[in-house]
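What follows is a set of structures for review.
Presented sequentially are two complexes of chain A, the first with chain B as partner and the second with chain C.
What follows is the complex of A and B.
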């Protein structure tokens, strides 16, 4: 049995906190001592609020049914999970679970819960809440976003209560890094949500109009108020289960204020003028505008280096049948040739993309694991420098030829010409496409850049397959290959170049399928890394995606904000929101 | 010759020169409009020097090689070790004027130095060259679209005014319908149903047709009114009495009376259609990159970093005002001239 010892807990630190010491806590008996987790961060001072801009308004506060990232950004602060991936170290750590053990066959996890914890409404938390939460997340009718992740080997994880503070999880087959599955699985208050669940109305629960008293969670903050179009306010959870080294209960901040500010530029201006305290996921252009103020600025900016997002160009390799889209089907004759894709890849000036589009805040890419993912990157993937000559050689070998005026034609004499679609809202992708257009012009290939609204674009990519090539980006939420199954399995829904194949179209796609499935059940980390290295090699050789760059993670915060330790993993700036504090007392501008 | 007609001539010839010079854009522009200098993004206008670092004065202006400051994206320094005098009729990128290929440019400097009179954009493309070549699209689109709108308007207006009755009713009701349509939204809607990947030349023609087609109603109403009054004049009635055909009367007696108004309308409509092209391209619905137009060049200014950091990116917007002023001055002079004739 492998025992994971709780690293964050200093020995014998069971702080007995009298309930009266906690602001607003009910007087009725806190009999048991609380298993508080002690943060090792700098000791801060309580008080103040943090104003955060969001691109849109949240749609719900329901952690089970929320699918949009904006709602997710808010909800993350109100929930807690059993085991949490530390965004800084990228390792799984105990959260609501005090410790856990894994059986030797890798199929059974036994989790010991912290004792004496309370939800943000003061109700006690125990194993029944855990069992209830997993029942909800695994219920098909609840439409939880977590359901797929918690279904292993085709079967949902079996959850069983051993005693008030011990829960046992059984997996149908061993799963590498299974403890990471618990990250982000919100533990729900049974006393508030069971009624909704049994009545099948869970999707209606916890909307934005729900009174704050009817919601509770285990996160550092709890819902206070929502003013449509203006702000959403979370207030401090007085029962939160973390404390600092001096015994002060976290979080330090009194309130989080989320404000909808739709455009990037408006967000930049608000941050610049101090109307917002923190900025995540800034564009390189905004970052540089803000950086012009230099040291005198009241904010500090951090370029965290390569993140986990990657952008790429890909061609339509779907089986288009015989009749519809004959033009695209004809062009697929080129797209399907690996040599053609390699030539395109060799012609693309990635350094120019880094410099012109991302103003230096990006890293060129030749494989799908960006350098920000230090654990999984295969560093032996070749990184061929841009070479138009080699690209031309490859094309000649593939029986393409140049006309006297320099334009490229295929063996039948057809002009090599195609369009690249991308989403109009993303100026960086449009700019990348413009650079690629000019790069390929030098090979004699005529490229049109077409911008589409995102929904129309996704519809073309996944449903109608009416496109020729596309520039897009993907992100990996926690850097782990398991979250990318959907992209690399030929049956996956985001296997973008040819999604949801009934069986792999090419031998290398079949091989990737096998490797991805094997790494899923391989428990030995080294063996698993070897399998994923091979996947990266196959992808880099066959180039279903022609990788472009990985943008750096650019963030900023007011200089007065203590414990601001942004991370490459999402949420970059608020992952340790309970530890953030203001070094000086600030007059709060917004109520 | 009256003062009014002298003015008309002056403004009209200025405009003819302006539009003609646009034809020679490829010659005047020192570089190809889509030539990217990837090591020179957002370089400011190149400084023309007359005095060397040694203090020596040169009558022929010269430039220094501009190199980017290490570690920065948009900061540049001059390498003063060698001067590059501005040369005239220098060989450069190939271009065509009315079908003739050429490679001589009005001015330029020896490579590797560059002369960017109006700086460069994000891809290091010469804003001055793009402004000139973009004018081909933007100004010509304005003239063509106005011509189209006006010919449609005159034809339909004359038809309605001359024949009256149900023809008049039908044409005028349709015209009212067109007037009531919010044109920007209509254009957005029309553009969204057009095929997605069409090459820039066809996109341009489509753009002109669309914006010209929706604008016929206002001139048609004007012409109809004039035709209505003209056809009741004594000499027209007399011509009819002598058995003149409809066509003859229209051509000989009615339409000539509308000429002044038509020309004035033309001078008013052209700037409006230039603006329509700029607006559409600004929203990404007009001419697509990498072909420049004043609208898609201005689209870059939508970005906050460009807005605050690179003033020369506004130049296409500033270039619009003298063009508009010329057209409005011409319209004004034409109006006075016509008023003088009819009084």
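What follows is the complex of A and C.
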């Protein structure tokens, strides 16, 4: 048995009645001792509100059914999980679970819950809520976004209550880093949602028009008010289960105000003028405009370096068979040659992409794990510099040749030309495709750039396979290989270059399949890292994706905001929202 | 009355036609609501299939339309996939906000356009008329998007106006008069953008209709008999020119509505614009149709008002009906 000792709960701090009084929670004659988690961040001052801009409106407050990122951004502040991935250290930490143990075969997790905790409506929290929450997340009919992650070896995780404060989880097969699965799995209030779940109406619960009194969570904030199209307000949860070192209950802020602001420009201007206090996921252009104000600006800008997103070019390697796309099928003769893909990769000027598209705020990539992923990156992946000569050599060896006017032809004398599709709404991707077009022209390859609206593009990529090459991006949500299984397994639905293969099309895809499945069940972290290192090598050698860059994470906040410690992992700026506080606030904007 | 009922029946037909057309267009557009989810490696194809089933995305088009009609009868106007809610509940608050922006903007645009247009007509060929023509031409060439962004830049530089939105974050805590002031301050920039975009068209129309009338013999005659020019212009000539101008009112509402979609999106005004824009990108079928229907309804209502005014002001229209 491996005992995971809680690191955050320093000298036995079971702050009870005193703490409840400080935070203004209703005092009861005999308040049970609360296992509060003590934050080690700087001690702050209570009060104030934080205004946050979003690109669209939240759609729901239901943590089970929410699938869009905008709703997710709001909901994350209202929920808590048993074990949480610290966005700064990228490691799993105790949250609602005070501690947990894993059995030696890696299949059983026993979780001890914090005692005396309450939901944001004052109702007590215990093991029944945990069992109920997992029942909901695992229910096929509830359409929980978490269900697939909690299904292991084809079997849903079995959850059993041992006593009021202990829950046992049984996995069908050992799963490496299984504690990370608990991250983001919201613990739901059984007293409010069980009725909805039994009646099969869970999707109807907790919409934006639900009265605040009918919602509750364990997160630092709770729902207060929603004005359609204008704002969504969360208020401080007086029962939150974290305190600072002086015994003040967190969070410090009274309110979070989310406002939908569709355009990037308007968002930038609102941040600049102090009408929004925090800016996440800024574009490089906005970042540079705001940076012009220099040190005198009332806000602070941070370039966190490469994030977990990566962009890439890939070719259509689907088995088109006797399809209606004879032209694409003919070009696949080139696309399938590793040498061809390597030559393309060598011809692409990644530095130019960093400089021109991202104004320096990006990192060139040669593998799928960006440097922002500190734990998993394989630093021995070669990073060949751009070389048109070597690209030409590779092409010549693959029996391509140049005509006198410089255009490239294959061995049958056909001109080498293809189109790159990308999504019209993403100007960075369009610019990258255009730079690639220019780079490849120097090899004598004629490239057309075609932009399509994202949803139409997905139809082509995954359904009709009617495309030749594509520039796209993916992001790894928590930096862990397990969330990318569907990208690298040849049977995966997001194995973009040739999804849902009945059996691996190439030997290297078969090898990646084996490695990915093995790392899933390998419990020793070093052995697991070795397996994933090998996957990264295979991908970099065979280039199903030709990696381009990883955009840097660009954020900003008002200078008066204390404990602002943005992280590369999402949510970049609000991951420690309970610790944020106002030192002082600039006068313009909202009071 | 017969005139009115005929206009109403006509409006109803237009609505039905718009609903069928927008249904077909949205349904035929490549891609569907769940496609973005397909790109998320954490979501399995089984889950996407289950959701397709739930939203009825696999049904044939006529059946989808029938289901939508049923929900229209129930007063729900369909069901938004993204919001997991009936469309009607999403539309009304936003439609109200759009009206809050466009109605004052329409009134203001007319109140400004009529005197300027009339004055410009009376000064025909002289320098005030030329300045006016130059300014309106310049305004006509500026795209509405640029105009809205330009006004936002002014707001940032001066700090006099909020950068978009309809109310401050602290609106609920304000007193009554402060609430009105807050709303007015927020309204100013988007309304200005709308007015500036539509003003040149209105001024030019007012001017040209008045020029026609001013050249008419009865005005010349009145002028010769010594009727004061200002009274002549604003009382007699304007009344005579009202017929084409009232017809223009209906058209101007259409122009304002389409401009307001852009302005709302840029200025974060919580109206139909941002909602429709996002719904189209997300292929949220019923929400797109709902928002389009809502805009069509405004347009028809505007035209109906114009028709009614025309009916009241012009005896010839009434005579046609008898």
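The definition used in the following text is that the second predicted complex is superposed on the first by the 571 of 591 C-alpha atoms of A that agree within 3 Å, B and C clash if a C-alpha of one lies under 4 Å from a C-alpha of the other, contacts with A are read in each partner's own complex, and residues count from 1 in each chain.
Here is the rule we go by: contacts are C-beta pairs under 8 Å (C-beta built on N, C-alpha and C of every residue); 3 or more make two chains touch, one makes a residue touch a chain.
Computed from a predicted model, the values in this text were never measured in an experiment.
Model built by superposing both complexes on chain A: chain B and chain C fit together without a clash. Shared-chain residue A:577: touches no atom of chain B or chain C. Once chain A of one complex is fitted onto chain A of the other, the partner contacts of A:346 are absent, as it touches neither chain B nor chain C. When the two complexes are overlaid on their common chain A, residue A:494 makes contact with chain C while staying clear of chain B. Looking at the shared chain after the overlay, A:568 reaches neither chain B nor chain C. Contacts of A:269 after superposition on the shared chain: both chain B and chain C are touched.
In the superposition on chain A, A:427 makes contact with chain B only, while chain C stays out of contact range. In the superposition on chain A, contact is made by A:483 with chain C only, not with chain B. Contact comparison for chain A: of chain B and chain C, C touches the greater number of residues. For the combined model, the angle formed at the CA centre of chain A by lines to the CA centres of chain B and chain C equals 40 degrees after rounding to the nearest 10. In the superposed model, A:360 lies in contact with chain B only, and not with chain C.
Fitting both structures onto chain A leaves chain B and chain C with a minimum C-alpha separation of 8 Å.
Comparing which residues of chain A touch chain B with which touch chain C, the overlap comprises 265, 269, 452. Chain B contributes residues 34, 36, 38, 41, 73-74, 122-124, 196-197, 199, 284, 288-290, 303-309 to its touches with chain A in the complex. Contact residues of chain A toward chain C in the complex are 49, 51, 56-57, 59-60, 62, 65, 67-68, 140, 143, 145, 147-149, 203-204, 207-209, 225, 227-231, 257, 259-263, 265-266, 269-270, 272-273, 275, 425, 452-460, 462, 474, 477, 483-487, 492-494, 500, 588, 590-591. Considering their complex, residues 264-265, 268-269, 285-286, 288-289, 292, 349, 352, 355-356, 359-360, 419, 421, 424, 427, 431, 434-435, 437-438, 448-452 of chain A touch chain B.
Per the touch definition, chain C reaches chain A in the complex via residues 29-33, 35-47, 50-51, 54, 82-85, 89-90, 93-94, 97, 149, 152-153, 155-156, 159, 162-170, 172, 265-268, 270-271, 274-275, 277-278, 281-283.
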